[in-house]
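Dropping the structure in here first, questions after.
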Amino acid sequence: MPMSEVAGRMAPQVGAHCLEKENGGRGILLAGVPGVRPAYVVVLGGGTAGTHAAHIASGLGADVAVIDRNPDALRRVAAQFGDRVRTLFSTRDVVETRCRRADLVIGTVLVPGAAAPKLITAETVKAMKPGAVIVDVAIDQGGCAETSRPTTHSKPTFVVDDVVHYCVTNMPGAVARTSTFALSNMTFSFVLALADKGVRLALADDVHLRHGLNVHEGQVTYRAVANALKLPYVAPEQALRI
Amino acid sequence: MPMSEVAGRMAPQVGAHCLEKENGGRGILLAGVPGVRPAYVVVLGGGTAGTHAAHIASGLGADVAVIDRNPDALRRVAAQFGDRVRTLFSTRDVVETRCRRADLVIGTVLVPGAAAPKLITAETVKAMKPGAVIVDVAIDQGGCAETSRPTTHSKPTFVVDDVVHYCVTNMPGAVARTSTFALSNMTFSFVLALADKGVRLALADDVHLRHGLNVHEGQVTYRAVANALKLPYVAPEQALRI
Amino acid sequence: MPMSEVAGRMAPQVGAHCLEKENGGRGILLAGVPGVRPAYVVVLGGGTAGTHAAHIASGLGADVAVIDRNPDALRRVAAQFGDRVRTLFSTRDVVETRCRRADLVIGTVLVPGAAAPKLITAETVKAMKPGAVIVDVAIDQGGCAETSRPTTHSKPTFVVDDVVHYCVTNMPGAVARTSTFALSNMTFSFVLALADKGVRLALADDVHLRHGLNVHEGQVTYRAVANALKLPYVAPEQALRI
Amino acid sequence: MPMSEVAGRMAPQVGAHCLEKENGGRGILLAGVPGVRPAYVVVLGGGTAGTHAAHIASGLGADVAVIDRNPDALRRVAAQFGDRVRTLFSTRDVVETRCRRADLVIGTVLVPGAAAPKLITAETVKAMKPGAVIVDVAIDQGGCAETSRPTTHSKPTFVVDDVVHYCVTNMPGAVARTSTFALSNMTFSFVLALADKGVRLALADDVHLRHGLNVHEGQVTYRAVANALKLPYVAPEQALRI
Amino acid sequence: MPMSEVAGRMAPQVGAHCLEKENGGRGILLAGVPGVRPAYVVVLGGGTAGTHAAHIASGLGADVAVIDRNPDALRRVAAQFGDRVRTLFSTRDVVETRCRRADLVIGTVLVPGAAAPKLITAETVKAMKPGAVIVDVAIDQGGCAETSRPTTHSKPTFVVDDVVHYCVTNMPGAVARTSTFALSNMTFSFVLALADKGVRLALADDVHLRHGLNVHEGQVTYRAVANALKLPYVAPEQALRI
Amino acid sequence: MPMSEVAGRMAPQVGAHCLEKENGGRGILLAGVPGVRPAYVVVLGGGTAGTHAAHIASGLGADVAVIDRNPDALRRVAAQFGDRVRTLFSTRDVVETRCRRADLVIGTVLVPGAAAPKLITAETVKAMKPGAVIVDVAIDQGGCAETSRPTTHSKPTFVVDDVVHYCVTNMPGAVARTSTFALSNMTFSFVLALADKGVRLALADDVHLRHGLNVHEGQVTYRAVANALKLPYVAPEQALRI
């Protein structure tokens, strides 16, 4: 979750950069200026990353629409941002027409434990404005554009049909300092428990921590690891004798 | 003025980019995330560029202070942004201590028709945090940091004493589409006047337009051009016989 | 000026009413709801009436654009409303394309002492969405749509090419209580001066008040009245012997 | 729920219209103007409709108080709107004194599956200001004013004791386009399920959908319908053999 | 809970008063003025009291940071206040460095049913700025500064190491009128139930009310009272024969 | 002007303190809490002090009305604060009825170089709520309540007709640190000029500075001082031989 917050907040600033002429973009300032319209930013998905992306994009002065198929997610976004962010129910038509009109599309739609759905078809990308930008935050699960493929911080973008794609896996690595604090805030209580109680008691007391145990006294206690290594799996409770 | 608006609004998004690890920056997200502090952004100058920079930087979620030596400029900024942006009276001490604490310094101080004052000394740059960023919007007038020197969109930054300097002359060129509209909005009325009235009458009616006249019927009517070309100068009123 | 404030603030609520199905409108809620887009409101003119119309329309939750050809007016609107209201420089193309897309157009463009310019052509009206609404606040000076003609509070609207026109002259009459207070706030100081000093001294001291004098001791002191009645005109200063 | 959102958001704009002189109202502009106070709007009930009514009424510039007897509802409203909307705990005295002072009362109090409580007594209506307005959003459950009786979009209001009553059943019908999208956003997933899986499987998988089944293969599967038609009732699970 | 709201909202205004010179404070205006920085206010704890303290302190124009060790509390604060209030994850280092920099520290950290943790050590107090202020809202549970000891409304403050301590127990007593309404709003439903149903039925129907019963027909039904008076304890259900 | 900003911003926090029970006030929390109404604050005068008082009072969560007889001042306040602060045109009736309803009245009305007008009559004070508070910022010019008389920081208040009066002359002294910075920001440029150019040239170049000169080479150059000391007056230009 903290990494979704970081990636969501990074996405509009990354997108603003890609929109610059030098980077292949439309040469548009996200905020516009008085008398010149701002960029139109479409955020696919109203979860953690999408909400944080919308927060920053609207703070940057863009026109922002969040698209989701969960009415409750849209209500939550609408209550938090009032009228500064628009919410739209997701249909194929809405996604398509909004992406065509967008200067920047931020894809954040994830299905936990599954490949991200390909909401942005190759057709849609073809129909987008030349120089428009897609920032695919969901790239770690495969991306939510058919045209997305993973990139790195050293070469973050590529162009398909005149649309700039930013598909860096591990986006939060670019702001390592912020990300590290965000992560360690979450893990801090685990560290304290291990230091205070010792490994065995800490694992006995906290099921979340226990589920993270991979190996204990030579026994593999994480099923995926056991399968991958073709070793027998032992439940952590059994290995720890608790 | 429209170019100051564009450059001012670009500065924070450019600075956010430079703060990324890959670009030599501190690896900090301008907005922070819940639980992790945002960047501290110091804007030198509360004129057009500075006000627009403050608008976007605070929209991006940073802690923003605008420093100026004109109390009226500070009051105008305070009235427009309420408590979202802090205003500080400019003294050598304030500039120095704030720059040392800053993650991003945006220099916008200009003296019309003169070199920008070097508010940020080489000493101050040395004392700044490693990975901090200076975006010197005043670079077209020489820049307001002693360590600034002009760069281009293709190689926009350099590093002095671990501080990333972004000193691109003609910043608005990066968002050419927005800039063009912004400029043409301002020039539009001149074009209409020329089309409606013809050159001579339009120039007779509008002193601003007339002052832009360089050459008329073989006579050089702009003093700087005349000097540069070592040709005689003729006042535009005389050349136009008005 | 107070009547421009009242009319400007009334315009969006009047437009919201006209947009209801029963009144010939598109059946659209100005604010939308979470998941359904709000109305797009175009305000022609960024003066007093336009600024107040934009204030209320954006408060009602609509997407609002203010169009003006004066860059300073756009800057003032942008500074007052931040990113909640969009500002667009007025060109024939901008007016046309924005009106076509609009659900509600509020015309507030006035040239003092002249007929309002016909910014909305009959062609543009034809191209607008069926059920869209024009509220022509400038109707007292002839209106800024070619298709506008004056209406009354008892029958406030008519339809041309499926576009509902609200062109009530004296809009503030509908909210007589608010308007009366607004007006009397402005006129109060004149009344006090007349009561405190007597007519002659009050008129002598205040040129604005004096210019409102029509008749004094049988002499017509207002030129337009004198012309209309074919009576000799006497300057108020002379009639009052001051 | 989407219809409560639509009705709640419509209520202030409908109330603003009723407050116009022509419609029997006090002749007050909801927003006031600088120097003249705005309308005082009392919203009875802090649920979905009440929250959305408060959002729009405060956006329109009115002074807004939400009255509810559930402290948690008041806290939620206070957290969402900060100080722009006032929250008051509901007692008979508070309702009475606030309604007397109000220019516009919006009644949204519903008890699901029961008649709405008559919070506004006939006495209170008598004591309200002449030309004040009641918009009774709860009219579909009988209304929350003793003086309310259902009206229609073609004749939406009536006057009791100089107080204008707007009691249109099916308010969302006036903004049919917005309402239809809002509703279909909610029903869309049902339609997709029916199309993808066929009727029988879709009904088997989703208890909400199944409870909407009225008739299946000649068997009445909805108890109220069966009772009304005096036909035998068959449980949908049995009729569908699932 | 209502008393936490009152005390939380009082804390910044009490702190502002203590910061005045006359009261031993630094002579700082919480809001600053244009050109002069505002006070830095650190709120320890992001629960009810802390959230309300942050709301008022930021409304007063101060720079506000809320420190908590619960990431979800920080997220809730961040979502409610956007960028107007900063959230920081609580570590010993963060508490210490932020208190040293603070002009005003508001302590609201409570562990229900236990002594408040001493987050502010005597060392930290020594290191704070001369004239800084601690308002210890947690004083009823012992306070969250090691240097805190209870005071009264008639002599509310004392000074330790140049730091003004405001440690009034029962803070809400100072705003008795507001507090009484806040409390009675919460207790009102109990009173109604007792009046409508009679004592026995009301207690039978509501477990919260029943748990408040101390004595019934000569039997002590509250264990702490029974222990204190060395009388036999009878469960309220048994005493009431329900 | 900076002292008006400081005093204006101090006034609501001082008033909040006086409203506490212990200090003779109504026992009301300026902000209220969810379910309990906030204080009603009336600010007399929409100039510098009044605008800053309104800013802080509304930030503190109170219901705020600014009363002025200058429509332009009201417009400026309305544009700056939107709907968070109400503006009312000043008539005797408005002042009287609003003061009667107020929990806190902040008087800021000054006529430069003259005694402040006594807007709040002794009658009005009698009719105010018991425990209401008047903070008379205009006390240095005599105060704008008939019942006001100067007090000091060590004994800041007195009570007339159950209304607490805070009439400290030199309010900014309480926040000496903030005030000193605010003042020195304004005077700084004078000091720099004196240091850079020497006394004579600095005075020759700047008419404002010159008008502050009292004595030069034994000649009295300030008329009021000359009159008071019965010494001959010499114009500063003559004394300086410039």
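Order of writing sets the labels: A, B, C, D, E and F. Residues in every chain begin at 1.
Throughout what follows, a contact is a pair of C-beta atoms (placed from the backbone, for glycine too) under 8 Å apart; a residue touches a chain by one contact, two chains touch by 3 or more.
Treat the numbers as computed from the prediction; the structure is a model and nothing was measured.
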Same-residue or different-residue interface between chain A and chain D, half as cut-off: different
Gap in Å, rounded to a whole number, between the CA centres of chain F and chain B: 38
Interchain centroid distance [CA atoms averaged], chain D/chain F, Å: 47
Interchain centroid distance [CA atoms averaged], chain C/chain E, Å: 52
Shared-contact residues (touching 2 or more other chains) in chain F: 2, 31-32, 34-36, 55, 58-59, 61, 71, 83, 89, 181, 185
Touching pairs among all chains present in the structure: A-B, A-C, A-D, A-E, B-C, B-E, B-F, C-D, C-F, D-E, D-F, E-F
Chain A residues within the chain D interface of the complex: 69, 71, 79, 82-83, 89, 91
Touch list for chain E against partner chain F, complex: 2, 5-6, 9-10, 13-14, 16-17, 19-22, 26-36, 52, 55-56, 58-61, 153-154, 173-179, 181-182, 185
Chain D residues touching chain A - in the complex, by the definition given at the top: 2, 55, 59, 80, 181, 185-186, 188-189
Chain A to chain C touching residues, read off their complex: 31-32, 34-38, 58, 61, 63, 65, 71, 74-75, 77-78, 83-84, 86-89
